[in-house]
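So that you can tell them apart, the chains are marked A, B, C and D in the order they are listed, and the count of residues begins at 1 in each.
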Amino acid sequence: MNILNTLSILAAAPSEATAIWLPVFFWTFALVSVLSSLAVLVVKDIVRCAFLIMSSLSGLAGLYLLLGAEFLAFTQIMVYVGGILILILFGVMLTNREPLLIKRMKATGLVAPGVLAGLILFTAIGYSVCTVDWKVTDQPLPADADTPARIGNALMSDFILPFEMASVLLLVALVGAAMAARRGGAEG
Amino acid sequence: MTMASMYFDYANVAVFFVFAVVFVILNISVISVILRPTVENDQKDTTYECGEPSVGSSWVRFDMRFYTVALVFLIFDVEVAFLYPWAVVFKDLRGAIGGSATGVFVFLEAAIFLLILFVGLIYVWKRGDLDWVKSSSAQEVDARQRQMIEAKDEVRL
Amino acid sequence: MGEATNVTEVPLPQGGTVAVKPGDFRTEEMLLNIGPQHPSTHGVLRVVVRTDGEIILDSQVHIGYLHRCFEKVVENVTWTQVTPYTDRMDYLASMYNNLGYSLAVEKLGDVEVPERASYIRIIIGELQRIASHLMSVGTYGLDVGAITAFLYCFRDREITLRIFEEVCGQRLNYNYIRPGGVSGDLTDEMLKKIDDFIDYFLPKIDEIDNLLSMNGIFIYRTAGVGILPLDLALDYGCTGPVLRGSGLARDLRKDEPYGLYEQFDFDVITGKGEKGQLGDCWDRYMIRVREMRESCKIIKQALAKIPEGKFIEPKLLKNVKVKKGESYLKVENPRGELGYYIVSDGKKGPYRCSVRAPSFCNIAVLPEISRGCMVADMVVIIGSIDIVMGEVDR
Amino acid sequence: MIFGGTMLSNGLVFARYSLAEWIQGLLGDRLEMIPEWILFPLLMLAGCLVIIGFITVFALFAIWMERKVSAHMQCRLGPMEVGFHGALQTIADGVKLLGKEDIVPRHADKLLHYLAPIIVFAGVFPLFVVVPFSEKILISDINLGLFFVAAVGAVEVVGVIMAGWASNNKWSLFGAMRAATQLVSYEIPLGLAFLTIILLAGSFSMVDIIHQQEGWLSNWFLFHNPFMPIIFLSFFTASLAECKRAPFDLPEAESELVSGFHTEYSGMKFSIFFLAEYAAMYVVCAIAAVMFLGGWSTGIKPLEAWLADSAGNPMREVLSNTVHLVVIVTKSMFLVFVQMWLRWTLPRIRLDQIMHVCLKVLLPWTMVAMVATSAIELCWPGGNMVLTALTIVIWSIPLLWTLKAILDMTVGIFLKFVPSGR
């Protein structure tokens, strides 16, 4: 269990408690995210699917936490669970015809291309997972792993341009969102 | 802040979460099941709609406008998320009294970030996208209404 | 992708199909019952609205949940036995219902009313108007979500109800004003109490203004909402504060005075559209608040001038003799023009009695003015029309 | 061997976990027998029990207080029958709700209908992990405190949408959509207010933020510069909206939507929504107190210094914690009272207006105030007496007005019992 080893190394001094509870948490989060992702595929009710995405995203956030990326974990919850999930729910409510959607998918004959696309994607991801040289370290994180401050320092020094570009990107997204919503409304 | 103490903090959160779930389930499915009566009645299980039978399902495609709100919100949500790291290091970087060059720089960086989005906000505002845009059919109705009112302006005393 | 091939016929749960093509984001319309069991329909009014999201596209008023066959029932009772039934029409302004009926009978039967009785009728009638308007203003606050104003109004209304209770023993259905006069005299003590109440109450109207009428959110919610243009109001036969809210100074107490109203000095309040547009909900609401001041004015004058004398010919308490014929008489009820059309065949009771109920005519305009507003506005508009279902359904 | 030492030996540093110390003092060495991996969760569970006890007591008290506040504002007495001045009325109601039948509409999505109250409560309860009561009395001072609040606070809305959707009731759907719109959009001003505090304090941690404001009253972030009251007002408004309290109670507007998203809920499920709402009320008020009103700090420097000087004086430490507990709970309760006061005074605003207020009033103002605060912080780091004085002068009129209103109200309540001439 490679990841679990890494996890216990991350905890500066592995104690009895961490040794027992870390795997529990890891498996819980992993199972929650994987199983609910699978359930999203299987469950027919589209609204339930949307809610399942929430547990999937939360499970991922938990995994981030275990890896010490607390800032990322909470951003995940804030932006994905608190934002994108709501967006998805609104989207679902806009297109809500659950039996219809499934029927239409079958009718369009997209099953074979879908399977193909899935296979290609799966292969690509699998290939990269296997080949990329993951920089696994057995060193514990530095004592003050104050992630937000580190991110802040990085954003203010090495990544100024990406930081500012992000705002431009958000601007574009804002304008685009407004446009899309407006056109959607006008067509309706 | 070591990982171990961080784990401890968040283990607390996890325990609280689990406890909350168990607490609610205990309350609604165990304790109250023992105490409450269950009297089957067909009428009781109907959907409440002011005493009249409900017409159609409420699971319909809802209003477009809510989507706009969520979109606009999401943009600003991400923006705020971006600014958290900035805010937490601002105090360290701003320097001593009078402000250091780094401090001014850091301030300007965030200010530009905000300014760009502020421009976006003003743009969307001016275009009226932040207004509670009425759906087209409702707008028609509204226009008719308004026409009617305008036509009756001269009658007013 | 071809256009035509992608259109799918989707069966609806309630039967029939709807054509949907991909990317079609049209929102669905929803039929929604507001009422009869809803906190803000002021009784058992049912409004079926067709909404798109929260926008109301169309609405239809369904009434009749409180129908009690008033017009049929009163054909079988004597002239004086009718008054309790009139009480139960507009149960928030029972005195005025009694008054309208009594005036109509008196007109047909040429019954002389003692002057003191006429004064008592005016005092009690205006007190009833205050009580009714307090109810309307208070519940209007409730509709908008301001609960405290409601209780302030009820606190003051309670005093008027106590006065009524002392006058006739009843708090809601008085049966006090009878054909020929009133059923009991107002003692000096009661007159003093009424006078005290007016002194106490006038500053309380300012309190209501402070708390509710001039509250920013309240104005925000009601001004410019549910605008009723004047000719629409006239077309639908709206009367009372609803009509005056649209700017027309129509008040039967001034225009066709009954009782002794021509002797009193008061203003007819009309809407001016000062906060939003003329004829909006705020105008209609504000008329009621301002009319309470005018009512106080009238009561003050009446208290100053009330003569001594009889309040009714005792034999008239049993029954009234009414010759063959018919009469129509209308009075300015707190909600508008309350008209009584009575036909007599010379017997003990009315042959026919028909009522023009102001709420019934006012509520008819609801679909017109609520079109295009939001669900929250619907509640505000219903409240501003101020209906009493007992009167609408009779 | 002391218990804290055990933990330290294992590399766990949580000196603030005073409940653990207390339990250790109680049980002594017997704790040694319990293996750590069971002991720690048990300790955390003990924390849970303390907090759930607090929430329950708070909810009971707050509901009673809400009734009494509203009653006295409305010239009536409120509950008077059960217990002293109706103090036990809420318990009676709770017992009644426990015995109420659980009705699920036939056409509802029964699974989601069941899950919704769980998510709503589970979205609020973990927030108490970071709510501080005093230096020693707090569950855990999470490094990312405020960010944690911003993130986990966003979960509740999912439960609300779920409740409204699952009921398959049109009123519930309206309520859910309103709740989603409102809760989601008011998170932006809330987040901006968090940002301002974080940039002033340089930390997310609640305890750090409070420590930054210790000393005199003028150290409170509320008085930091003339823009901070704007942030405070914006935060408070947004937190009202987040708690779905009037005038932002649209999701459950009883005069419009009957009962909004919980129309189809009865019995215990309904009371869980209620409990979550009251718990959230306390959380936002406590966080407002931490962010702007100096948390547990009394605002009197010598007193603070005297309380802090507890070296070798355990009683002083107990006293200090007690005082701090009382102070922060009082501050929070005051804000809770203001929430109630507003609820019983103001009419409810409409859905489009709520968006207008958020996007066109709060958002620009908070943004400007935040940038201004950071600019001020750049020029005069760590605050400045002149700025504080300026703040107090500029905001004195609304401040005095509020004080006068409160005085009117409290004195008014007493005056009401003086028999009048009538």
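The criterion applied here is as follows: contacts are C-beta pairs under 8 Å (C-beta built on N, C-alpha and C of every residue); 3 or more make two chains touch, one makes a residue touch a chain.
Everything numeric here is computed off the predicted structure, so don't read it as measured data.
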Two chains sharing the most C-beta contacts: B-D
Chain whose Cα centroid lies nearest the overall Cα centroid: B
For subunit A paired with subunit D, centre-to-centre distance based on mean C-alpha positions, whole Å: 30
Distance between chain centroids, defined by C-alpha means - subunit C, subunit D (Å): 44
Interchain centroid distance [CA atoms averaged], subunit A/subunit C, Å: 59
Intercentroid distance (Cα basis), subunit D paired with subunit B, Å: 18
Residue list for subunit D, restricted to those that touch at least two other chains: 10-12, 40-41, 143, 147-148, 150, 152, 165, 170, 177, 180, 184, 187, 204, 258, 351-352
Subunit B: positions in contact with at least two other chains: 1-2, 4, 6, 10-11, 49-50, 54, 57-66, 70, 72-73, 77, 84, 86-90, 92, 114, 121, 135, 137
Touching two or more other chains - residue numbers and ranges from subunit A: 11-13, 15, 21, 47, 70-71, 75, 78, 82-83, 86, 90, 93-95, 97, 146, 148, 184, 188
Complex interface listing, subunit D residues touching subunit A: 10-12, 35-37, 39-41, 109, 111-112, 115, 143-144, 147-148, 150-152, 154-155, 157-158, 161-162, 165, 177, 180, 184, 187, 204
Subunit C to subunit B touching residues, read off their complex: 13-14, 25-38, 41, 46, 52-55, 57, 227, 229-232, 247-249, 270, 277-278, 371-372
Subunit A contact footprint on subunit B (complex, rising order): 1-4, 6-7, 10-11, 14, 59-62, 64-68, 70-75, 77-79, 81-82, 84-90, 92-93, 105-106, 109, 112-114, 116-117, 119-121, 123-124, 127, 129, 133, 135-137
Of all residues in subunit C, those that touch subunit D in their complex: 30, 32, 38-40, 53-54, 141-148, 151-152, 155, 196, 200, 211-212, 215, 217-218, 220-221, 374-377, 379
Subunit D - residues contacting subunit B, complex: 10-14, 40-41, 44-45, 47-48, 51-52, 98-108, 114, 117-118, 121-122, 124-126, 128-129, 139-143, 147-148, 150, 152, 165, 167-173, 177, 180-181, 184-185, 187-188, 191-192, 194-196, 198-204, 258, 263-264, 267-269, 271-272, 351-352, 355-356, 359-360, 363-364, 367, 370-371, 374-375, 377-381
